[in-house]
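Each of the two complexes below includes subunit A, the first together with subunit B, the second together with subunit C.
Take a look at the complex of A and B:
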């Protein structure tokens, strides 16, 4: 450290000398570069003033005492800046430590909550889930039943970041523990509701849409716990309909009942499930209308389901200038044959 | 025999006296201008804390001069209210001046060695050393 200081002091003096002789821009440019390296080497403002004092003394030995004293005065004035700068450095280091800890947590979350999109004859599935920050407060999960049915859970914790993500792990592990024969949407929401009611802070809300697709009967059974409504695309009429449901968010009261609904899915029909990060995208200060989401989906409807959700995401990501305000999860299932 | 000298801190003006004495000692044992200024700033912080929180106390200076080292040691002592959560006051950004980098963490940065003992309702003792390089 002392060696660096000595070297820098020498450089500074030479630069200053040249500048005093030539007043050239070159020296000013070089001192700008030197100043950057001072910052890199943690050389504090008071030390720079001191370099200046030393350079003055060596270059102008006959300089008036008044000027010398005034320089010492300046040095005193710079001390507090030096401490503030050191503190800033420490905080920066701490911040990057925190960031890397969170990114470890985020990849752990990905492993814990990971789910693979199943391959099922006759249906095409597209899913995209992108967190606004490092950790995702949205959750989706695929469960392939032994009877050939496909269970799809989509949930959203009101709130973002780490608390939301921790909460999701609990949901996932409760669901994992259910035996196959209670896999009806109604039963799952009833049971999760009790888990959340008992275990989660009342200020935290979780919404969930649970759907079960029966490929052999081409039927969709579903129930919702206050989740953002999904949409049904009727291919024959080329229309979108909101999927209406009743049911309170999870965890409010222990005895909430969740009605279960059923609908037929015809060839080329689509079911769209999403979280409010999709419908509450913003274009500047304006919230988009849900019709806009449907329009964009319609625009890309000729693509395979995965391509479709990717393109829809790209569209809204761009609309929001690449800064998501909320976690974004969109799932589309289409009956192919 | 180690020379030791103390300044009583009773009023704000005494802070200046402590700085002056500390600086004179620092100059005498060969600290450069930057270090003199840093030592003076550390003295200010400790003396101000005594003046503000403990009402009165003392700052003593001692020259350390042994085979390997030469330096200045300062000890700030008071029998004031003490500090309850030392860990917290040593955290950056805690001081009431609001993250301007001074306060006790600042003293620790300005000096080479730092030690703080405090007992609630008994008092506080801060010791800090800076070595001549």
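Take a look at the complex of A and C:
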């Protein structure tokens, strides 16, 4: 460190000498470059003033005492800046530590909340979930029942970031603990509502759409706790319909009841589930309307479900001023036979 | 984006006039202004959302905590002049059925 300082002091003196003699732009440019390397080498402002004093004394031994005193005065004035700079360095180190801790937490979240897209004959499933920040506040989960049914939970925690992610683990483990005979959509939402109401901060809440697909009867049972409505694609008519549901978000009042609905799914029909990150997409100042999302889905409808959801996300990502403000999750199931 | 929060005090009633966007960045400001008002027993808090053209789910979270606070503190909250886009959020989440919401003056379609 002292060596670097000595070397820098020498460079500084030489540059200053040249500048005083020639007043050339080149010296000014070089000292600017040198100041960048001072910062890199952690040389504090008062040390630079000190270099300046030494250079002055060596170059102009007969300099008036007044100027020398004034330089010492300046030296004192710079000391607080030096301390502030050191604090800044420490904060930068702390920040990078935190960043790596968060990324550990994010990968742990992925492990904890991991779910595998099940392979079920006769239905094609596509899912994409992209977090807006490091940790995802959206959540989806597949549960394969012994009776061949498929349970699909799609949820969004409000409150973003780390608290939201932690909250999701709670939801997942509550769901895992339910015995299979109470896996009806309304029973699940009823009991999750109590879990959330008891355990979560009042300004945080969770929306969830829970669907159960019965492949043998080609029926979909579902209930919603204030979740962004999904869509049903009727292949015979080539139309989309919003899936209308009633039901309060989880965690607001303990005694909420969730009505359950049922619909028939015909060949090539699709069920689309999403989070508000999809419908709240923006292109600059413009909101992307849900009609536009559906048009894009229709455009890619000839593809297998997984490719379809990937292409839909890519489509929005390509928009010029696209900005992902919220976590984006899109799931599509299609009945194949 | 910005949110302006302007509170007018009347006898036993506060009118909170909001203008701008309510999102993760502006929500803390709303929370700070709104929650203390709901803690006065018997008080009516009227929130005017006519000038709010965007709200995300963070904003809903604030209104939910305010609603819970009115129940704990025996005060009342009413939301007035909600625009369609914002009202949609209250409808999807089922909150329109448990909150006192009046969209009739302008912007609401029902």
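By our rule, the second predicted complex is superposed on the first by the 295 of 337 C-alpha atoms of A that agree within 3 Å, B and C clash if a C-alpha of one lies under 4 Å from a C-alpha of the other, contacts with A are read in each partner's own complex, and residues count from 1 in each chain.
Keep this in mind: a residue touches a chain if its C-beta (ideal position, glycine included) is under 8 Å from a C-beta of that chain, and two chains touch if they have at least 3 such contacts.
Not measured: the values here are computed from a predicted model.
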Partner, of subunit C and subunit B, that touches more residues belonging to subunit A: C
First (subunit B), second (subunit C), both or neither touched by A:229: second
Partner chain(s) touched by A:186 [first = subunit B, second = subunit C, both, neither]: neither
Partner chain in contact with A:72 - subunit B first, subunit C second, else both or neither: first
Partner chain(s) touched by A:85 [first = subunit B, second = subunit C, both, neither]: first
First, second, both or neither for A:335, with subunit B first and subunit C second: neither
Touching partner for A:46 - first (subunit B), second (subunit C), both, neither: first
Contacts of A:204 with subunit B and subunit C, given as first, second, both or neither: second
Contacts on subunit A seen with subunit B and repeated with subunit C across the two complexes: none
Subunit C contact footprint on subunit A (complex, rising order): 156, 158-160, 202-205, 207, 225-229, 246-249, 252-253, 276, 280, 287, 325-326
Subunit B - residues contacting subunit A, complex: 32-34, 37-38, 40-41, 92-93, 99-102, 105-106, 109-110, 133
Residue ranges of subunit C in contact with subunit A within the complex: 23-24, 31, 56-58, 60-62, 64-65, 67-69, 85, 92-95, 97-98
Touching residues on subunit A, where the partner in the complex is subunit B: 2, 46-47, 50, 53, 72, 75-76, 79-80, 83-88, 90-91
